[in-house]
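Same chain, two partners: chain A is paired with chain B first, then with chain C.
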Partner chain A sequence: MTALPAAPALTPPARRFRRLRRDYFGSPASALMTLASLGILLGLGWWLMNWALLDATFSAAATQAECVQAGGACWSVIAARWRVILFGIYPYDEQWRPSFACAVVAGIILLSCLPRMWSFRRLALTWGLGAAGFYILMRGGILGLSVVNEQQWGGLPLTLFIFVATAVAGMPLAILLALMRRSELPVVARVTGWIIDTIRSLPLLSILFTFAIVVPFMLPGFLIGEKLYRVICGAALFFAAYQAEIIRGGFQGIPRGQDEAAKALGLPYWQRMSRVLLPQAFRLALPATINQFVVAFMETSLVVVVGFIDLLAAGNTAYKTGEWKFAYVEVYAFVAAIYFLFVFGLSRYGAYLEARMNAGHRKE
Partner chain B sequence: MDLTAPAIAIRDLNKFYGTFHALCGLSLTVRKGERVVVCGPSGSGKSTMIRCINQLEEHDSGEIRVFGTLLDDNLASIDAVRREVGMVFQHFNLFPHMTVLENCTLAPILVRKTPRAVAEALALKFLEKVRILDQASKFPGQLSGGQQQRVAIARALCMQPEILLFDEPTSALDPEMIAEVLDVMVTLANEGMTMICVTHEMGFARKVADRVIFMDKGEIVEEAAPAAFFEAPRNERTRLFLSEVLAH
Partner chain C sequence: MNWLMTTTLAFGALALTPLTASAGTGDTLKAVQARGTLNCPGDIGSYLGFAEVDDKGVWKGLDIELCRAMTTAIFGDPSKANIIPIDWAQRWPSLQSGDIDIVIKASGGTLSRDGELGLQFSNSYYLGTTKVMAHAELGLASLKDAAGGSVCVPASTSTERQVSSYLAAQGIEMEIVAIEKNEEVEAAYMSGRCDTFAAWGPVLAIAASQSENPAAHTLLPDVLAMEPEVMITRQGDDNWVDIANWTLSALLFAEQEGITSANIDEIKANPPTAEIGKFLGATPGMGKGLGLADDWAYNVIRQVGNYSEIFERSLGQGSAYKMPREMTALWKDGGVLFPLVVD
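After this line comes the complex of A and B, so read on.
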């Protein structure tokens, strides 16, 4: 038998082309679906481009009549009111301070995302300095800065602050709850289970109300504190109850032999948890954890019900003055774009972390 | 820890899983430097017995002493025993999120408070001993089963234990990888390590064991030196078991 000549391998572009043809034009029906979908997408894109860019009005000086005549989006409302949307009722002349404060928060978040920063000392230093910087900028009272009470904070820095503080306070609490839920002591495990289930059965709104309005009646004066921090405590508790169950789910995916191997090596409880089990639990729970962060970020907008002007609420106040009442779509689009920026970044970072963690586990 | 006492002294050990009587009044003494192979059908309590020695299983009654230290409700004595008793598992149980080297240095650094540099030098020495030095910076998931089990042995050795327990160390391995793990175990045995080894590798038992123990239904049915054990088993159950494992 003579050997057949080896068939040449397809070049990558050729393979991709064949793939495309098979996936999208493999049958008349799928070809039709592909063309129809393309048509709809192009039509939508064209309409959106006209509305958002070509027919839009950008000048802050434009009036409603000019906007309506142009026919497109009226970005004038953003040009005129962006400081209200971003900073709420923070005193106008001091608004450079929340700008810097936002930059500080964004800076420490970005720094913490770098793997080379992942040591306890570096993170603690970054967050300690960052929190102090944020607080001094926002509240003032020293370094010649005038005092701006928490009640006057608003817009993006308030949203970021509530989110970051909720996560920073909620995550250690979540780990603690998850460990207690898994305790070998039946009393501890059961009571923790009840606590978690109780918190999860309450709506976040009712928890925020309770911490903002009811709790002050139950605490001695020196413990009441600023409303903002009480609300953050409530949000952190809510976050922790959900995140604790996510971490517990991660624990359940770890083979029992891991804990046994760590025990056999003589590692005491806290080192078994911190070095062997928690890192693996977090790896398994990462997709759900990122999801939980995204939800927590969205839920910051609920603080409006206890009187805080977060980013979304500030957007609402920005157009509700008579002259811009017609332009609410543009305001919401602008606010949505800001949320999108953060949440999309968070999701991409989650995907990066997953890829990075999987790299070490790859089978050859 | 009294190194002049017997390495392991078990007296009248009982263990229940629910109503199932897993260990029925078992007694066993192992001298320092002795190499004991434990065999028996599955469910006979072999694994349960050696897992009681480092308290991965709690026994219900009876007495276990490791170098004179009594294993009771005192957590400090359990910690002390675990520091001196290494264990190698059927499924390796390497920590997947750490490199081979980190797997080996974790416990010495945290438990023995060995300085990192010293712990790493020690780990490299033992990785060389199990002939896997070139894989030190890889993750367990990148290694074959035989390689992983040799790393697991090195990890146990890094704690410089007085006793090593092997719980069916070759049962989860592909046939071509069993020899490389057994070679390492033979080397350790010849160096005088105190070993209790649950295994069905009868060739290994013949070659290195001072004593072979046959267990069935939670009891020690027969124990003897390998020559006597394999050539002239006294008990009917032993004979049946040997005819089954040696048949092929």
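After this line comes the complex of A and C, so read on.
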């Protein structure tokens, strides 16, 4: 093993310049590559800026002909159809409700990211109140709000709801599955292993389809429930199967001594797990867990196959009309920007968590 | 989408085989009346001209209007239509499970749907043809002239199959360029990647009308395939099919007799013939046999319009697509649509 060179401390400008010259202009070939890459990047940037800003059309009233003549992006489609993209087919006059509902979800996510909120009571309270607030705003039926069925939910609030509900329901299930798979009773461990592997061998699409369409044929009427919640159950099951294996990976990274020491202290099973092993397992599994969250966020767009107009499908709906059929690139760019905002935020938060946890680790 | 279809069909078959429920006569109408809404399929994105969403998130299009017409026939109020977004693959399972009461989703009547899936069809409300569009500058008179050229088709769709079998049957050698997404097929054709573009007729008409220069494209006379679009119900509920058929018939009868949403009250006050009097509910007898009110047809035309009005605002001159009626005109205008007889 060779030790990596230690990162240099902050360099003064002169030294930084010298380093730049050494790294990028060390030889004629290297200088040529640098200049060529710079040229390509600048060209792309210039083209992109022209397309997205300088030659673009912004007015909601612009027609296809005006957009084509201007030559750049036709952001008019967003100006005219942003409410379809963000809220799908949610009744127009009631769309302040999903706006607030999105704010509620964003609020509880941000709150739970703050380290000072990390106690079971505070988190449970935030999430309980948040979930109730979201549901009342979206579904209505009380406080004088008209009822809006789950099938009319759409766009960003639906995507956020499916993601958050999948994660909130899937995470405890994942922990349970991981613990059961590590159980000392061979039957439990073996059967859990089979369950996890079975779920993992099925495509998410077929799981969603089964829960949305096939399950109602098999359940008695009072158990069927709303399609949205069945689909979330399916997605949560899928999430849990993968996340359980990630947590198990984390467990395997913990030295045996930890468990043995906890046992020697006479801690009962649940305390050993919740106070000693799980926190360490989560720390070890953090990068993979963040990864799993990002994937779960992306996969919410699959619910379109069972008839939900999530953010991506709402984008499709927005450009597929006689007037805006040509402007699909702009709509996809807009939707991609929204996804980027959330996923990038999630990854940065993951990086922050890692740094925070590793800070404690290094001190040891 | 091929893998998707396969998975879906497998599950669909699984779901349907043991459970193909046959609804008894009148059951569907009773269930719909008890629920207070008629559940129809929308789309999960949009199907241009047939089911799309306006700036306020309200459904519109030919299929949606037909659903509203049927809703009005039952409840006297088009707003009782409940449009549920579903994907193509979900149509049959959703119909069988009762999530929706009728499939009006640009779907053709086929043998396997009738025989194997246990479904039942209304009369056809639209004739969907697969056609080919070409760049006008090539001067093609028919697909035969395009031999040696290329044709853009949406990949893994029935269109792709129809194109290859038509080319084989006619002995025409062409390069088939199959592209996944509809928008990209169209973009490929428009950019000159292909000489011709094969698709469902309305898709082509819409593509041409939306292009920079509509005159630069010609629709070739070859008809690769024809599919009569029908309203589809569960098998066994004759009354329900009757209501679908008579709703369509009322729209066409009103067009045939020149009754529109604008002049209907004048005509009802002073019906020119006994049939029209009965049709509009001025004299009794129109609704009893169907289990509807006697003025159901009046309500439909009054609130939704006749077939021509619906067509023009969904696909025709009142829409962005400006499509001609062609075969989908009434029999007296050279088309194939006809109302049943009111006696």
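The rule is simple: the second predicted complex is superposed on the first by the 351 of 364 C-alpha atoms of A that agree within 3 Å, B and C clash if a C-alpha of one lies under 4 Å from a C-alpha of the other, contacts with A are read in each partner's own complex, and residues count from 1 in each chain.
FYI, a contact is a pair of C-beta atoms (placed from the backbone, for glycine too) under 8 Å apart; a residue touches a chain by one contact, two chains touch by 3 or more.
Model, not experiment: these values are computed from the prediction.
Residue contacts after overlaying the shared chain place A:81 against chain C, while chain B stays out of touching range. Of the two partner chains, chain B is the only one touched by A:261; chain C is not. Of the two partners chain B and chain C, more residues of chain A are touched by C.
By the touch criterion defined above, A:284 reaches neither chain B nor chain C. Shared-chain residue A:91: touches chain C; no touch with chain B. In the superposition on chain A, contact of A:102 is made with neither chain B nor chain C. Every residue of chain A that touches chain B in the complex is listed here, in rising order: 255, 257-258, 260-268, 271, 275-276, 279-280, 283, 357, 360-364.
Only residues 64, 68, 80-81, 83-84, 87-92, 151, 154, 203, 205-206, 209-210, 212-214, 216-217, 227, 304-309, 313, 316-318, 320-323, 325-326, 328 of chain A touch chain C when the two sit together in their complex.
The touching residues of chain B, counted against chain A in their complex, run 54, 56, 79, 82-83, 85-87, 89, 91, 93-97, 99, 106-107, 110-111, 139, 141-142, 152, 155-156, 159. Chain C meets chain A in the complex at residues 4, 7-8, 11-12, 14-15, 19, 42-49, 52-59, 83-87, 89-90, 93-94, 97, 99, 183, 206, 209-210, 212, 319-321.
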